[in-house]
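Right after this note come the structures.
The same chain A turns up in both complexes below, where it pairs with chain B and then with chain C.
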Partner chain A sequence: MQVDLDAITMAQVAGIRIRHYLISKELKGLLPAVLPCEQFQRVLNVACGNGVWALDFARLYPKKHVIGIDTRERLLQMAREDARVSGLKNVRFEHFRLNTTLSYSDHRFDLVQTEQSTTTIFPYMWPGLLCEQMRVLKPGGWLHMIAFEFGPTSSPAVNRFMQMMREAYARVIHAEESSKMYITAATLYAGMLHKAGCQHVEYQLYPMDLGNQHNTAGHDHLKHTILTHPTVITFLAMHNVAPEEEIKDLRCAALNEIERMDFCGAGMVISAIGQKPY
Partner chain B sequence: MRVEDGKKGGHPMEVMQGSHKLIAGYTDAHLDARMYRYMQDVIGNRLIPAPISMQGMRIVLDIGCGAGDWLIDLAHLYPTIQMYGLDINHETLRLAHDRCVYSHLTNIQWRQIDSMQDVSLPDSYVDLIHLRRCHYWITPQRWRTFFAACTRLLKPGGWISVTDIEMTELSSSAFVTLRRALLCTLNRLHHCMDPTSNDYGNLPRLSCMLHESSFSQVKYELYAIDLGFMSGLSGQYFLSNILQNMYSMRDIIIAQGELSEGTFDALFSQLQIDLRDPYLCGWGFLISTWGRCCKEEGEDKQCK
Partner chain C sequence: MQPGDAVPWLSIGKPKTSTIRVQHDYILSALGGLLPASIPLTGTEHILDFDCGLASWAIGMVKTYPSIHVTATGFSEEELYQARLHAHWSQADTHINFLTLDVNQPFPLMDNTFDLVHTQPVHLLYLTHWLPIVREMTRVLRPGGWLNIVVPELGVTSSDALNHILLLVRHAFRLRLYRLGLLSEEPASPYDPGVGPFLYQFLITAGLTKASYRVHALNLGAESKQGAYAYAETILLTISQFKRLVCELELVDEYTYDVLLRTARKDMLDQPGSCGFFYLFSVSGCKAV
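Let's turn to the complex of A and B:
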């Protein structure tokens, strides 16, 4: 199957921007208010994408230093260009590979911020990733994990689409146990932070209206990320959830249904924090 | 956990809603009362949506009133409004009546009904109809006739207010598996609004149903229900409700072949263990939706 790489990159960028806007709006800032942001001098942003969060943080706090890392080099190139055009000297972007150690010394960062990257970071990768994050975190430093999860909608086609995504993720995660169900990764964040050795673990939930009534950005995020993102079709077809033509027909039906005036849908932003003990 | 077998078979939603079981010493009415209080906390303790004005109202109807929690709270605030509480369950209505007497409330009548056809109130009589946790009434087979009956009862310009909840996510593989089995069972019995969904399908459709039933000024508000370790007692009661509903459907799930008896019992035991996880996390949603009765298109200016 041939895929247009430029379209993928642009779709990823648009999706990341919309999600960043949604999350920042709910948090009323870049970080939960409970975090002592004034104490953070060195920040690591994992799965930074095209750097929207890291760039905003760097602009807001010109005296602090941010490193954004991601596995997707094309997005990092865009982030570096944005930093250059904006004249930001306190942020840089680096490539990293999953399942490898981070190339930073112990106790380097005050905050490690990880954003959801459902199609690249799967739950079984988290223990190793968190172990590395704890290593590079200073004692007393904080881990912050943030995600957006879609919930029920009034569109049968969208719901079926999401059900297919769950089935595909379950096949990725439980390759040998096809009967196992997919547990929404964000529900596991608090437990993972605790198992990684964090104290003062907390989470906060922010409901998101995706319907046509209130939240245009939420509605756009649903439409864009799930339904028009090229790699989603590829991902579903690759894991044999349904034939590609059926997936495309479903996508068309979903796009029509979410444009109905009475369309209603729900999502949730989950923010989880934990502190490395002194 | 001590569980006594109660009603078996019958309408699945009757089994879930009207089960006569005891879990850890709590009766259904006790759990329902707690659920009501915590749902009220979620929506900021408002009895009715802010856009609905009670001024001038004379008749209020609560369908599926249970032990009368909502109606009794409203009756205290509006003692001159005549109120009717309707439910299928004799025992909870008896409890509602007793609570009313204890509170010296004289403006509520309690009536047992099995369906909306049993409602013996005149047409265009009611100013406000209220429903909460209404799975029994709003099913794929019934919802159109249900809302048509509501339209008949409402005055032109009268309001309908519907609130419901659904628990959607939990950091427990046992919950995910049991829930899937429950949804598949309900799908087989044609009791899910959306067979394609990972949910019952009622919640996001409530406002759509009001639109399709020709209500106007339809709006909704969305709230989160926290089921995790940071929610305190409220989360525990919502989780108790999950356990209660799951177990009440045991026989039906097994009879439909979704899970064997041994598998269900093992998963249920695991779920009870998972619910004690000190870092349990999960959530649900609550939607409150409302609309105004517009009986004759273009005729009644109150609908504009």
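Let's turn to the complex of A and C:
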């Protein structure tokens, strides 16, 4: 199936923006309140996408410095353009490759921030990536990892569609024997931070409504990121979770069902922090 | 047991009173109070507490609002015995009367009787049985009265063993109902959610107005917050009581179940950084005046 690259990039950008809005609304800011933000002068934003978080941080704290890194050059180009148009001099964006060392010196950053990137960073990559993040973090610096996990809904089609996503994802990360209950590694973050040598590890849960009744950020995230993303059908068909026509019909049914006025659903933002010992 | 004798709920053995108490207290802390702030209590005198467990919620209401009277229900006298004792020890028994209900039958209660109907059930009830129950709850509510329902729903944890076993338990429960002739179709997938996300729809279908829901998190990480360790222990204990059912239905063998349970216990109670959650749906609505 030929997919328009522009459509993919725009869909990724829309999804990142919606998720960023959803998460920052729940956190009531860019970071959990428990983190000593005033102490952070140099920040590394891993898997920055099109830079929404890094750009917001740079705007909010003009005297602090942010570097955003990602594997997707197209999104980084957009981030650089946004920084240029906004006149932001305290943020820059750099490409990086997974499974390689980060090109920064030891003890450089006060904070390393990672928002989920299920399409680029898989669970088995995390130990190596965290080891590098700890290396570039100053003693006493903080790691913050955050992700959003979709949960149960009143739409049978959405539930089936989400389960297909989990099954396909399990195949991508070679975890076919797993319970297939999740897409992000978010519930593993706290354990990973412990294993990476962090102290003061804790996590917070922020339950999200995916319905239409109040805050519609969760609903928008469900609709735009999962149900309308142009590559989702290809992704599912490629991993043989179901024939393409069945997936298309299911997605169509899901899009109808989530617009019902009695649609109800839940998701969870999971935010984990840990401090590098002195 | 013949299909005709069966009930749509599944009680596995006798849950320990300590288990019920820990779970009730933990859920209450997640909810932030006995009731959502949106439910007005002015003029509330008569409350129905459906499937009351140990009557902890009813006792909490009576202690907080001394003018209130609660009718607390259970499915057997044996079950209500502990609830009666609890109410007596708590010096709340003069404001609570207890009633046994057959959940397969209309409630033996008059229409338009209660100012508030509440349930945070301690038994498992299957999805298709909830709408008739919601209709009965609505019937016994007075016009302008409120219905409030709280149910947990599976989330995800850092222990894949626990994730597996929770799915097995859920599937076993549904399969058992199907084999008893209480479900018309064999359960398709253990991943299909429980009643939580459907309650909002049921309240609207039953004709309630101002229907709304909130989603809360029940944190399962043992070190995450006060009470979490004890709550996680009760979940593991409850799961252990499902072993016989799961194995009788040949979903896994006993050895596999034991290994999963041991691993789940180690993952959630012994490993630093254990993380997990259930969703908690709190749904309410008002009977039209």
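Heads up, the rule we're going with is that the second predicted complex is superposed on the first by the 268 of 278 C-alpha atoms of A that agree within 3 Å, B and C clash if a C-alpha of one lies under 4 Å from a C-alpha of the other, contacts with A are read in each partner's own complex, and residues count from 1 in each chain.
By our rule, a residue touches a chain if its C-beta (ideal position, glycine included) is under 8 Å from a C-beta of that chain, and two chains touch if they have at least 3 such contacts.
The structure displayed is predicted, hence computed values, not measured ones.
Asker: Mind checking chain B and chain C on superposed chain A, clash or fit?
Answerer: Overlaying the two complexes on chain A (C-alpha atoms) leaves chain C and chain B clashing.
Asker: Answer with first, second, both or neither: which of chain B and chain C does A:Q213 touch in the superposed model?
Answerer: A:Q213 sits against chain B and chain C alike.
Asker: Please indicate which partner A:G151 is in contact with in the superposed arrangement: first for chain B, second for chain C, both, or neither.
Answerer: both
Asker: Touch check for A:C264: first (chain B), second (chain C), both, or neither?
Answerer: both
Asker: Applying the document's definition of touch, where does A:M10 land relative to chain B and chain C: first, second, both, or neither?
Answerer: A:M10 sits against neither chain B nor chain C.
Asker: A:L205 contacts which: chain B (first), chain C (second), both, neither?
Answerer: both
Asker: Could you give the residue numbers on chain A that contact chain B in one complex and chain C in the other?
Answerer: Residues 149, 151-154, 156, 159-160, 163, 180-182, 186-191, 194, 201-203, 205-209, 211, 213, 262, 264-266, 268, 270 of chain A touch both chain B and chain C.
Asker: Note which residues of chain B are touching chain A in the complex, please.
Answerer: Spelled out, the residues of chain B in touch with chain A are 166, 168-173, 176-177, 180, 194-199, 201, 203-208, 211-212, 218-220, 222-224, 226, 228-230, 277-283, 285, 287.
Asker: What part of chain C is in contact with chain A in the complex they form?
Answerer: 153-158, 160, 163-164, 167, 189, 191-194, 196-201, 204-205, 212-217, 219, 221, 224, 271-277, 279-281
Asker: Note which residues of chain A are touching chain B in the complex, please.
Answerer: 149, 151-154, 156-157, 159-160, 162-163, 166, 180-184, 186-191, 194, 201-203, 205-209, 211, 213, 260-266, 268, 270
Asker: What does chain A use to touch chain C in their complex?
Answerer: 149, 151-154, 156, 159-160, 163, 178-182, 186-195, 201-203, 205-209, 211, 213, 262, 264-266, 268, 270, 272
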